[in-house]
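Next up, some structures in structure tokens.
Both of the next two complexes hold subunit A, though its partner changes from subunit B to subunit C.
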Partner chain A sequence: MAIQTTESQPTSLVRRTRLKLSNGGFSTFIFFIPLIVIFGVFSWWPIIQSGIMSFQETNLVTTSWVGFDNFYQVLNDPLLWKAIKNTIYFAVLALIFGYPVPLIAAVLMSEVRRAKGFFTVLAYLPVVVPPVVAVLLWKFFYDASPTGVFNTILGWVGIPPQPWIQDQATAMPSLVLAATWAAAGGTIIIYLAALTSVPPDLYDAAEVDGAGIWRKVWHVTMPQLRNVLFITLILQIIGTAQVFLEPFLFTGGGPANATLTVLLLIYRYAFQNSLGGDYGAATALSTMLAIFLALMSIGYFKLTSRWSDS
Partner chain B sequence: MKSLNKVVTVGAVAALAVTMTACSSDDSPEPSTSATDATTSSATADAMEPVTIKVVSLIPGSDQAAFDAFDAQVAQFEGLYPNITVESEEYEWTGPTFAAQLAGGTLPDVYTIPFTDGLTLLANGQLANITSQVSELPYANDFNPNVLAQVQDANGDVFGLPTAAYGSALHYNRALFTEAGLDPDQPPTTWDEVREDAKAISDKTGNTGFAQMAASNTGGWQLTVATYARGGRMQTEDADGKIAVTADNDATKAALDYFHQLRWEDDSMGSDFLLDWGTINQAFGAGQVGMYTSGSDIYTNLIQAQGMNPDDYGATVIPLEGDDSGTLGGGTIAAVNVKASPEVQNAAVKWIDFYYMQKLVDQDAAVLDAKTLSESDQAVGVPALPIFSKELFDQSREWVADYINVDQDHVSYFNDAIFDQAVVPEPKAHTQELYAALDTVVQSVLTDENADTDALLKDVNVQIQALIDADA
Partner chain C sequence: MSTSTQQSGIEGAEDLFIEELAAEKTRPKKRKKDTLFDANQRGLISSTEWKQPRVRRWMRVVNVFLLSTLLVVGLGPILWLGKAAITPTQDTLRTPMALFPNGMDWYNLYQAWFEVDISQQFMNTIYLAIGSWAVQMTVATTAGFALGVLKPRYYKVFYSLVLATLFVPSVVLLVPLYLTILNPPLIGTSLINTFWAVWLPAGASAFNVVLIARFMGNLPGEIFEAARMDGAGPFRLFWSIALPMSKPIVGVVSVFAVLAAWKDFLWPLLVLPNPDLQPLSVRLPSLEQAIEKDVYLAALAISTVIPILVFIVFQRLILRGAGLGGALKG
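Take a look at the complex of A and B:
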């Protein structure tokens, strides 16, 4: 990216700029403008607006400054702690069930000798299904009556009907199940790509040393995938902290707030009241969430850059 | 480059989190003062100036015949007012979508809202002042004053027109009654009978005997119906106008106990405890629900959007028990977008007059409306309450008697008894928040056999009282 100059002495900013422009930097800048405008209008402007709004009380008609009142109000809302607990619960369940599934699937698929493409397509298919369609489909499957799709299947093996999303205890695991199904395909593709980069020599050497398949996976595959595994872990945590679609469409946060997540709470603050909700509280919580996620991202960059340096 | 990447990525993550609530305030409706100016200047506007108005049409998913009937009415209107072009969009009022449209400034020029929201929107300056246009209408002084009060400010200015009023009704599926060995011409008249019939339907047909809305604020709405029916109130107002939240009243507790019995003792409430207005209609229209409570005006949705067989539909009044019991009443207001130009606001009131009001007050219009609807197989004669006087209401029904296609025998149990019931308006203060908080209580009772309803209701009291006190 840097513009090459032959001068050995440091140059002034003006001079460097002129050089950049004369070397095609200007046209680059022109091409960059639409991106800046779009990014500015649709990302940065709303971010700034919501940052400002988090210190205001507004119904979008009249607005007044309230200092940190919105933050105070949000932090004192008992639903916030319920939402945080639920979000963590979702994240943990997603880690326990959702995180290993793609890895196991990818390792198994990489071992398949025939029809690998077929299995890859099969694994990736759920990602192609529009999320709303997928949720509505799963909602249909989760019909809690004995004639529901899943309950009928369970009935074949003698298991009684389950309440799925209609019970406070089973609602969240049901959401995680559907979310895992929907998201696993993308991660499988990442793992499959990473697996191809593992040098075959290492497997050969392990085999010579008498390692079986599990020892090969544990001692060769896993260490080689370490970076990718860590990246997907961080991305998953960031993703699950923002879980919204599943609880919104499946349960609306119910039953009795059992699936209320932080993002859904933000949505409720803003839109539950048809007359214009509490935009101040919504943006205050958004800001807090954004700061938390930004810290997570910084931690992620620090860790990954340390790795790439080492 | 690396640091730029970091900034961009961190920013993008932050953007994901905050974008959803970051609605620009630039699009917010202007205060009603501008609407008043608009109204004043509108008197001088050229009446024949071409103008296009956007109006709401029907609920998404309505059948083609319903849209054909609507289009026919648009054509009739455009024939009457050649300078006005009507563009329509499908519309269904739900709390969250309305809030988003309101915040985003994407509401059409004419839209409908429930009575619940009228006064608050008016106070927020989000409804156009249409006093002068309404005063020119011949029936301006004939409204039932209690109904018109839903859209009037302290000065008596009018900010919308009530177009329909409903009382709460118990809707029942006649086919399921028959299948369960019950007489569909003997609908239940007490809550005990509702319970018995629900159990019979559930046991004998495998369908839900009695369903209860529980999500999207409708759980609270219908719990309020059940509370009023047992003589309770969700809020009380003292002589100084101070409102106290009384969600933990005995009637609400009795209603929740009743749901508990149906759910956990009789198992007659089915398996979906997250139903709202749309999904309960869907389930009832599909013949999966024996009975449920909702507004009396639901028939059109059930037939138009849910494809229900009209012969299967029956309605009766909500059973009332105890002193002070009454049926929750509400209705629909047609409002005009405060941001619309004076010309558009004038045309919008003309449309409201033509499409919603004329059929209620004018014989020719009533007959034309009924004829258009019945020719497209749409409902005429849906159970409702009067916007004007009961006499005018009865008279308008006589005008269209030849076109009434809703089997009046099937809804006579409602029509014959509703005028003997006290109609109680919805709770006044922070209604939507109250309903939302009560959703959680209803869901708890239906999904947790050991739910502590007393504690849950006390929580609702504290939560909503804090909002009301904050206003003061």
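Take a look at the complex of A and C:
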């Protein structure tokens, strides 16, 4: 994190000499009960179960062990590779559309001197709109007829109507555009917070060396934001790897599976199967996805801890 | 997974935020200068540069451009939705960007609320939000107190188990959690089509537990010690000291809990197949083809009112929490 706090030594000393508040008896344990019950039943156990179910076949009545069959089945599904390709395509497009925009906006916004709060509120407003409403509203905007909202606007500048989500080529970029609109505000807030923690002395020093505004942006602001830029990058990749709502509501994965994503495929395996839910395949695929995401975050923390050491 | 290194990565932002909340409490009258809202002492552009006419002119252009872009992109679609909610279908379809060519149709809102009866889903959303909030608060405040203040010898085990779930993506939970709801332990009857199916899993939020545990852990220990000397037991410490002193963080977590319940889609879709029990987010997509477009857009607009109101009322709190949410979400 770009925000650095200096650990104050005295506090930890005080804490060490603190009187023991609990005798470790039952009256203490009572406070753990809601945690244990709720997390146990709805978090810890399902996580373990997910690993177990990946190796099982179940129809809810009988359950049998099938070894790695679920994984073979999923990996041999041609739709999986389509879904992975689509998800990567979504992630790459989201990086191209959505990564530079919040950064530029935040750098500009941090120099606003009057009514800064109004700017911030405006930027965050799309994040507050419930995601389902946002997607359904954009779906309406994407109406492919010449009198659709976006096609009307394009008409003003002489661009012919676009098919948007109804064409294989334009469907995915349309989804990404809507997703970027919904998410950019959150990233802007993170950057704005990080920008306030850039030490002003660095700018002073750069000015003494004769740096202009552009050079200050490039040689002071950007390096200072390095860590937070990396965090938002990883968060975005982790988020886009699990994209579901947009393809589900905009296109249902169509046209011709052009917007089928990994999570949508998991959903289809488990809940949209006419032969009854294939829970084994669904958990096998989600386990693989989770391992990928875990590797991403481990790599990310290795890198950031190396940076903070140097 | 190495939770300890991950923890230290987020600790900085979090402690800063918690300190800020605590500081706010000690001086309630004087509003603190907020870096997200007010110009800070010195940014990228120095005061000498501000005095140059060329820089000033450019910054004015940049500001106007920025403001108009934000207005069009941030506010535009929401205003359009508001307009479409009171426009006849034919106008919206033929001339979507025109302003009321054939007058307004306030009846849309009435139809959406009473005839399509989204009032039912509206109330469901509120019940779901309140119930989820209550479960989350019960778990997070008791667990936060146990992990942050009482700290018995075994607390580290539970603390790391809670932290570990922060790094498990929710995808993994989808199928097993659904099966748990179908056949929950001890109860013996399926929770499908009951609000409990949404309320109970909402309580398993590691984010809330960690935030409240850190906040309670940062409360001055002398107060607890003094109360303990006077013979107060854990319950008194919790109810009369820890809870009242944690109001700021409980407020933050509450606002986010309510907003999250309003946003939730996939989980209620799975566990509440009965339309009479569904929240707005689940009901709206199925209305798209079923009802007239103007009434449908009115329903979308009605669904957006509460979150926007909550945002406007709690904007400072939400925006400060949002920077933190991003830092912790991974």
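Note that the second predicted complex is superposed on the first by the 270 of 310 C-alpha atoms of A that agree within 3 Å, B and C clash if a C-alpha of one lies under 4 Å from a C-alpha of the other, contacts with A are read in each partner's own complex, and residues count from 1 in each chain.
Keep this in mind: contacts are C-beta pairs under 8 Å (C-beta built on N, C-alpha and C of every residue); 3 or more make two chains touch, one makes a residue touch a chain.
Only a predicted model underlies this, so the values are computations on that prediction, with no experimental measurement involved.
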First, second, both or neither for A:222, with subunit B first and subunit C second: neither
First, second, both or neither for A:233, with subunit B first and subunit C second: neither
Contacts of A:163 with subunit B and subunit C, given as first, second, both or neither: first
Partner touching more residues of subunit A, whether subunit B or subunit C: C
Touching partner for A:59 - first (subunit B), second (subunit C), both, neither: first
Which of subunit B and subunit C A:92 touches, first, second, both or neither: neither
Which of subunit B and subunit C A:144 touches, first, second, both or neither: first
Touched partner set for A:255, first subunit B, second subunit C, both or neither: first
Which superposed partner A:133 touches (first subunit B, second subunit C, both, neither): second
Partner chain(s) touched by A:75 [first = subunit B, second = subunit C, both, neither]: neither
Overlap of subunit C and subunit B interfaces on subunit A (superposed complexes): 1, 42-47, 49-50, 53, 60, 143, 148, 238, 242, 244, 263, 266-267, 270-271, 277, 279, 282-283, 286-287, 289-290, 293-294, 297-298, 301, 305
Complex contacts: residues of subunit A adjacent to subunit B: 1, 42-47, 49-51, 53, 58-63, 143-145, 148, 161, 163, 165-168, 238, 242, 244, 251-252, 254-258, 263, 266-277, 279, 282-283, 286-287, 289-291, 293-294, 297-298, 301, 305
Complex interface listing, subunit C residues touching subunit A: 1-2, 5-6, 9-13, 15-16, 34-46, 48-49, 55, 59, 62-63, 66-67, 70-71, 73-75, 77-78, 80-81, 84, 93-97, 135, 138-139, 142-143, 145-146, 149-153, 158, 161-162, 165, 167-180, 182, 184-185, 200-201, 203-204, 206, 209, 221, 224-225, 228, 233-235, 237-238, 259, 262-263, 265-266, 270, 280-282, 284-285, 288, 297, 300, 303-304, 307-308, 310-312, 315, 318-319, 322-323, 325-327, 329-330
Contacting residues of subunit B [partner subunit A, same complex]: 1-2, 6, 9-25, 27-31, 93-96, 98-100, 102-103, 113, 117, 120-121, 124-126, 214-217, 270-274, 276, 432-433, 436, 439-440, 443-444, 446-448, 451
Footprint of subunit C on subunit A - complex, ascending: 1, 3-5, 14-15, 18-19, 21-22, 24, 27-36, 38-39, 41-47, 49-50, 53, 60, 105, 107-114, 116-117, 119-133, 136-141, 143, 147-149, 152-153, 181, 185-187, 189-190, 192-193, 195-196, 200, 203-204, 207, 213, 216-217, 220-221, 231-232, 234-235, 238, 242, 244-245, 249, 263, 266-267, 270-271, 277, 279, 282-283, 286-287, 289-290, 293-294, 297-298, 300-301, 304-305
